[in-house]
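Heads up: the structure comes next, in structure tokens.
All chains are identified by letter, namely A, B, C and D, in their written order; residue positions are counted from 1 within each chain.
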Amino acid sequence: MRKAIDAAAHPALLLADVVSSLGCTDLRFDEWKLDVALTAAQKGLMLPPGMALLAVSKKALEANRSARCPRSFWDWRPVLESNAEGHFPYTPATALLFGLSESLKMLSEEGLENVFYRHARLASACRRGIEAMTLKLFASDSAEYSNTLTAVAMPEGFDSDLFINHTLALVDLPLGKGLGKVKGKLFRIGHLGSINELELLGVLGGIEMALKSFGVKLPLGAGLAAAETYLLETADKRLPL
Amino acid sequence: MRKAIDAAAHPALLLADVVSSLGCTDLRFDEWKLDVALTAAQKGLMLPPGMALLAVSKKALEANRSARCPRSFWDWRPVLESNAEGHFPYTPATALLFGLSESLKMLSEEGLENVFYRHARLASACRRGIEAMTLKLFASDSAEYSNTLTAVAMPEGFDSDLFINHTLALVDLPLGKGLGKVKGKLFRIGHLGSINELELLGVLGGIEMALKSFGVKLPLGAGLAAAETYLLETADKRLPL
Amino acid sequence: MRKAIDAAAHPALLLADVVSSLGCTDLRFDEWKLDVALTAAQKGLMLPPGMALLAVSKKALEANRSARCPRSFWDWRPVLESNAEGHFPYTPATALLFGLSESLKMLSEEGLENVFYRHARLASACRRGIEAMTLKLFASDSAEYSNTLTAVAMPEGFDSDLFINHTLALVDLPLGKGLGKVKGKLFRIGHLGSINELELLGVLGGIEMALKSFGVKLPLGAGLAAAETYLLETADKRLPL
Amino acid sequence: MRKAIDAAAHPALLLADVVSSLGCTDLRFDEWKLDVALTAAQKGLMLPPGMALLAVSKKALEANRSARCPRSFWDWRPVLESNAEGHFPYTPATALLFGLSESLKMLSEEGLENVFYRHARLASACRRGIEAMTLKLFASDSAEYSNTLTAVAMPEGFDSDLFINHTLALVDLPLGKGLGKVKGKLFRIGHLGSINELELLGVLGGIEMALKSFGVKLPLGAGLAAAETYLLETADKRLPL
């Protein structure tokens, strides 16, 4: 993206929604010359929700100074001014700041490379499980696969919104909906932050059960077997903790 | 305020900052025809900080629709739309929502009249304590006294900002600063939310100690005696729990 | 047991260890004429560990009065005396008492019959999963099956203690050991308290993975398929919440 | 005590109840040749209640092996055996063990000398406050004063048990009772663990208020003034944190 912007010598700011990627996959704000990166507490940072975190480039700060458009969220200028002196302009969510200090320690103890590898491995296991259930991944290009979220195409003849309601009622498992054009056509599985192998297997088992009882034909256990096989194949390749 | 606006047939919206009053003193949004009232979690609602709560009139909602000015905070429209269907447009601070449910239960169990009376009584005890220390309340008109906060004029020849630093260092008691025109001239004592008689006495004791060691001449114990006397006089008049 | 004791007119006290059954399966202290029943906070009561709970019959209280044997645990007499007046003889674990109040509310909201049925159904699913893995349940008589714990015979040629270490290292899943005569010969799966279907599937998945990589021959996914099949067959038969 | 036992060449074990002193005042188990020292989580260790901690000498361990008397508490032998291998014989109060790790860190950060000095200083302030209220300390010999607890003689003509009830009802302050021979004759103020200057002043204020409204003649504020004066005199002498 940055290369295209630079090639066109376009003045656009490069904004990245990293809500579902910071602390899960590699992100290099300076090296990739991002202008704004935005995340939240409750994903890769493993905290309760209630805090947004932003990184902002000098260029974005300058653009902000002259912007005239209505904002739909915070004005970050008073925050930046107060933060420079070690303060906040308003009372911050202090409990989450203490939590952030702890979650950064946890990520540092596991090691970012290990954290990224854990996400990549679980994502790959999830995709193999889904395909072994005879379902199709929504992303047709494997280069576009996400390590934090898997979107699954709902089989022909079934509405994914109804399926999501069914899954929640059957096994208390909340799946994400398809929005806009893909409403009713896909469901999304989140696998990021504080998650391990057994939790992923539990989720895949719940999806198998929900699909079967929703009328989708599939061999029970096949998705789990595929995920387990992959996890075992890669068990030795785990980076050392 | 409302009467003046109505008398002038002025189209202005009436906005009330109730951060330090909701859940502490009487507030009647509809009866007083307020247009916006804004509070936060960490005062009268006794929660950790991290959530704003607003009440908005129809008139304010309409004004919002046509407003063109840059906002410095949230756009509430997506919230209102989603809330109408029982949802949030973004992930809310769920832990605080559970906490809010509990603090509303607590306020209801104590009874709003009792809650308001407790704040009024402790505020009155605080003012008597301060005056017995030979200090002056910043509010010259007793009709303007607040039941949640007492601003105290710093004696001549002393800087209140330095005094506040001294108090924090001496007895680990954070007082509020004077802002703008009154910078250096007053300090503020908060007495709202989850607070009782002994906590107030501890605060007054800390202020006495800090004043004395800061060089202000005052009889130690006098402020506490005045507060205790008032609390005892009114002990029988506590509304029944 | 009670019938045999009564038939023999034997004076023995009937003591029941209900640590892993209270709040999980039916227990009728008075009706079954138990003399002592003992449980703990961290099983069916779903609390952190740190509290024992006992029910004691009049007969056991009387026996206690004349007992001369060294005790290896608390003397309950001072507790009973103080409790009668609403006190404790020593400072109790107050945080757990508040927790107990909440867990009793949760059990009551779900309904004891539903709680017992949930345990029975998950236990049955666990046993079917284990058998489909071609393993053998340690209990040969189905009348002896437990709804809170499943003991699994380790296949010939494998040591269960080593397997338990392997499972913990591979998928961070702690299994219970065989003790005394059965040391090295079985492992135990706990499925009680705050547990649901997906957690059980995750545990079965972890066991499949650990067995496979430990050298036990088994078809991956077969245990999970059996458990899922049973859970789906009985999904409609869940008692209404 | 140890000197007297040694001088008499008596085989008695020296047992110390350090519940209200460990983490508050100096204690040297080895140097003072204690045989058993017993404390709990909720005092100087600043944790919720629910855990006992013991130090035991070799001599006491040997005596324990041959003891035949009924015990009224735990048998520590299974604990010692399991602890030696890094285990517990029963499920321990894990939440308190994590808490203990944190409270030991806190004590270490403050420094034991500072912790002891803080307790000594607050105890001294408490005693001066009580005496300025025209009350008498129960301990007639100042060498017997405790730095964690102050026992106060109830003035002639007043029952301390009734006074303790009155104080709890009036200002929600729980005081300790006199037991045995001194029942009705004294009340006890605890000032140990996580406690600071303002909390002590709040407690003294509550006692002044309760005494006054109980009919005891005393000058309100005098006790607080004395405590404040002492705390100010010693404020510079605080050991550096």
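In the analysis below, a residue touches a chain if its C-beta (ideal position, glycine included) is under 8 Å from a C-beta of that chain, and two chains touch if they have at least 3 such contacts.
The shown structure was predicted, so the numbers you read here are calculated from the model rather than taken from an experiment.
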Handout entry: Comparison of A-B and B-D by number of C-beta pairs in contact, larger one
Key = B-D
Handout entry: Longest centre-to-centre distance from chain C, chain (CA-based)
Key = B
Completion exercise
chain B to chain D, mean C-alpha position gap in Å, rounds to 37
Problem - Between chain A and chain B, centroid-to-centroid distance (C-alpha), Å - result: 40
Exercise for the section: Would you pick out the residues of chain B that each touch at least 2 other chains? Expected result: none
Completion exercise
Among line, ring, star, complete and other, the chain touch graph is ring
Completion exercise
Listing every touching pair of chains gives A-B, A-C, B-D, C-D
Handout entry: chain C contact footprint on chain D (complex, rising order)
Key = 40, 42, 48-51, 67-75, 78, 91-96
Problem - chain C residues touching chain A - in the complex, by the definition given at the top - result: 170-173, 196-199, 201-203, 205-206, 208-209, 212-213, 219-229, 231-232, 235
